[in-house]
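Below, chain A partners chain B and then partners chain C, in two separate complexes.
Let's turn to the complex of A and B:
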């Protein structure tokens, strides 16, 4: 690049000032702790502030524990289910909405603004809000269903048979706008020439969606897929506010909330928490690699 | 079919109008799901508890209207202290991230040197680290240094500011780098001939020129820091240090059935964010997609 040949940047001394602060932060607060975390997962650590009491016996004990811990199995299963829902519903709904917005002129900006809004609200506040939305007595959903005559008895949205919907729906709802904005941007980047050509050839609206828009959105949708996979593993605030401590009956644990429970949430098993957090990273890397391999851009 | 494209087009108007209507209904319905719950909470925050349960959709007028929920919120919970803590913490995180990431983005965008590609991939890799995977060692490290879990307010602020800065740097570098690269170099060269040093060029020329992208980075860093309950649960241990989000988490576990108070608390937390959003809405949505996604 010709930029780099400019006289200004011949002297390399100032580069240190530019780069050192940022990389020092990353080294001390991300990379070093990350490695330390792996080491910690082999040791026996009782409390957050306590020194390790030596190695675990055997050193990989936490990993075998995870394999036999039924609550951990629940947490992994729930997290994978949330991931699947994220891909299907968050990205799916966002795609449908984006294709619709792409076809209209009036109100474009309004819908963008409104759809994106929930993302900037703290998930803790949303959790409180949805606690009331799904309240048994006087909650918004129950009252709405009543007034429409769809139910005669209130539904307990947090019981054994409804908790997954009640926990997942708000998470889905919050982030639809995020993927929506990404996909709309992808659609805007499609050159108008292609549409003109399609119009001359007499392509119908449906043909334009399936033959032009979706194939050209391939890379955008790949970005969404990877973001959805890693995003689903980061879900914490909303479930923790609405379903603290795995209610009902240890059913609603996620890998993130269970890691928190082991660390600060009363279980006092810090090294087990470390091991769970490593599993979270491994799941994220492996699943996004697999998704990448499956849906890799084909050469046309 | 044998119909020519032109004929097909003329047959369309009724169908096209119909599909437009369907499109607007669907889009409107989704918009309603994002607006209605907030209005419902806002309405109920001005009602007595018994009306929240019995008249949940009524607009609070006459007998129903009360501001007592807000009085309770201000009397019973240290909401102003929490606002102050949130502003200090998230404000400092934002300033640090903007300066540190800005410098790094400029260095990576303009200089050519050995290892530039490697450093770039390190920044990209840093985006993949979830907070779960670093928080325990970070806490233990800061605890050893004597800044985490203390009773000192400035130290507590510092203990959460530092990890939040680290967590936001890589995203910020990527967005800023994309923008700085797209700036023409002429102005910098002119300034250089005027005798400007390269640091002065950064602060006097690059920062003003790249303001839209610094704005995006600043807004998102602030919001993420303000909303990040997980990190706050670790570092804000005592009530006097609570930020808004941490306080809200406490209210939900302690006052879970005081619905009026809960509604008013949600409103008090959402309103500042809503104001920021409406004022800066263009920067938020456009900036994110321009930088982060193409990056």
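Let's turn to the complex of A and C:
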């Protein structure tokens, strides 16, 4: 058996056989479109699929337009806010839940399933569901507040005073389970020997969290951080379902939804949409690299 | 054991996939054949059809019955990809053409929205089809078939024409001590009615400025610029530009007077229309396609349709209406010898006297048939008043928004009108922005 395994690693042919199709697939459906997208961002393209009418004048026009486009500024600011909320609430709540679940002996698997469940529902379906929850007339929240006598007039949960909460809460809720599972797995990887030693030394529960669990979760949390940053930049479907066209009054645009509007949402400005998508990638790479540099992974 | 189980599982999944891919819907043909009786096809084909007869359309049922009857009679198969018409749907249709994945038969616009298809040679003119199939659309009055704004040729075979009018909730109006407007009601009198409705605790006008301000837009503009010049774009004359500016200011007036729903800047069109069904709002401007919705979702005897009040510039019975959409054969299907005859047969069936008459009777829409039967028996008040309004209209004009390209129009409707209403943008700024976008 040992001899058989060593033969596999000596023969590189079979490995290539499996790697090349996957690489070819990525090259055709990811790398080529990405490079083409960069090229498209310099051209003048109307609707999706239309032939370019030539190069933009100047060729970098879309990038200067982005710098002066107030809606783009709103979209970037909102995306950064979502990113901050993702880190604070999605990862934060997931961490608290994971620490609590890790502390119980019975029902561990049950809570894992329950918290992970929202991930498997499509974001569009969740958007429609939360539209009903926050519906102005007859929505669950307004009806509840009415029945408790807390309001006499319906609240427009999508107006300028409430839209950020209404948009962010479902997004946060949906992905808490994702980070929860990652962190729980990280906690499971901590050797029980360390807990036993801490118990012998008389460490309290809080000391075990702050002196053992959190430090040893550092690399796991780093992974969550990078996923949260890149994930926040890609948030699209749920906000678009609940807040199409930047309602109210252009307040709720995100980089993803604004890119969609330019490309498929009626603006018929594919080259500008391409430029926005490049910005999304650049923002993702830069911010995650900054996060990596600040919170470096540790070797244990 | 595990390996055997895995193999068995893989086998079951493969069979499942193959069954799903090759499966026929197996839906049975409806009892009604609808329209004429097309001959069975010697060589059955599959046609991809895209229309705006989405699930919410009042004529969806007749559309579905009719194409299934055609399938049963010919042995051909229809892959229906219909969806309600909105800006996103229009953009998707054009994108499909650009990407080379266009349907075989399309129910789409004759005017500006359809221009890219005509300019790109993607659809076939009726005259070219008639050269091979002389009876194609011969049951239609050619004078009422809309011509393309791109080249003046006729491409679409219409089913029902549309009209836009003022839907009134007579329960709410009675509660407010108001009677529904008539052809003689002036705009100022209409505003007084709205105030009374508001004072009675109801929302006077059900509208979503966030998603569908389109119908109000047409009448507010026409009330300022008049019927004769309604199809003038603001790029064409200073008078048209002024009419647009003054018309758009109407949104702010209605919003500031508190006549629109509290959440009009964030609600959906469905929410707005539902206010009418739930007796929370008094007036709604909508089209002939909405009659069927009221029949299905409300007590249709409680509603009536009348003219949108006019003023000294526009008479109330000068309305928005006519046929702007119809069936087209794509160049791709026409050039396919297997599909050409099937596409012609399909459209002939879907625009036959029987199908079109039933659709007209259902939504009280006008049509382009040479022999259109008069409707004398009405099932409810909304049908009767809608028919009286549509047939009593002195003049009908197309919608000016249909002449504008998607990108220019989209920005005005989804972005600028709500901002005008909320006072964050002036109507003049919005019109000048539109002009800049229109000029490209």
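Just so we're on the same page, the second predicted complex is superposed on the first by the 271 of 300 C-alpha atoms of A that agree within 3 Å, B and C clash if a C-alpha of one lies under 4 Å from a C-alpha of the other, contacts with A are read in each partner's own complex, and residues count from 1 in each chain.
Keep this in mind: a contact is a pair of C-beta atoms (placed from the backbone, for glycine too) under 8 Å apart; a residue touches a chain by one contact, two chains touch by 3 or more.
Owing to the predicted nature of the structure, the values given are computational and were not obtained by experimental measurement.
In the superposition on chain A, no contact is made by A:215 with either chain B or chain C. In the superposition on chain A, contact is made by A:48 with both chain B and chain C.
Legend: residue contacts after superposition of the two complexes on their common chain; A:19 is shown touching chain B, with no touch to chain C. Once the two complexes are laid over each other on the shared chain, residue contacts for A:264 go to chain B and to chain C alike. With both structures placed on the common chain, the touch criterion links A:156 to chain C but leaves chain B unconnected.
Using the contact criterion defined above for the overlaid structures, shared-chain residue A:244 touches chain B and also reaches chain C.
When chain B and chain C are set side by side, the one touching more residues of chain A is B. Put simply, chain A uses residues 48-49, 135, 137, 244, 264 to touch chain B in one complex and chain C in the other.
Against chain B, the residues of chain A that register as touching in their complex are 1, 3-9, 11-12, 14-15, 17-19, 21-23, 25-26, 28-34, 36-37, 40, 48-49, 93, 96-97, 100-101, 103-104, 107, 110-118, 120-125, 127-133, 135, 137-140, 143, 147, 173, 176-177, 181-182, 184-185, 200-202, 204-205, 220, 223, 230, 233-234, 236-237, 240-241, 244, 256, 259-260, 263-264, 270, 273-274, 276-278, 280-281, 284-285. Put simply, chain B touches chain A in their complex at residues 4-5, 8-9, 19-20, 23-24, 26-27, 30-31, 33-35, 37-38, 40-41, 44, 52-54, 56-57, 100-101, 103-104, 106-113, 119, 122-123, 126, 128-141, 143, 149, 162-163, 165-167, 169-170, 173, 181, 185, 188-189, 192, 197-199, 201-202, 223, 226-230, 233-234, 244-245, 248-249, 251-253, 256, 259, 262-263, 265-266, 269-270, 273-274, 277, 281, 284-285, 288-290, 293.
Contact residues of chain A toward chain C in the complex are 46-50, 135-137, 154, 156, 158-159, 163, 244-250, 264-269. Chain contact summary for the complex, chain C toward chain A: residues 87-88, 90-92, 94-95, 97-100, 116, 210-211, 262-263, 265-267, 271, 274-275, 278, 280, 405-407, 410-411, 414-415, 418-419, 422, 424.
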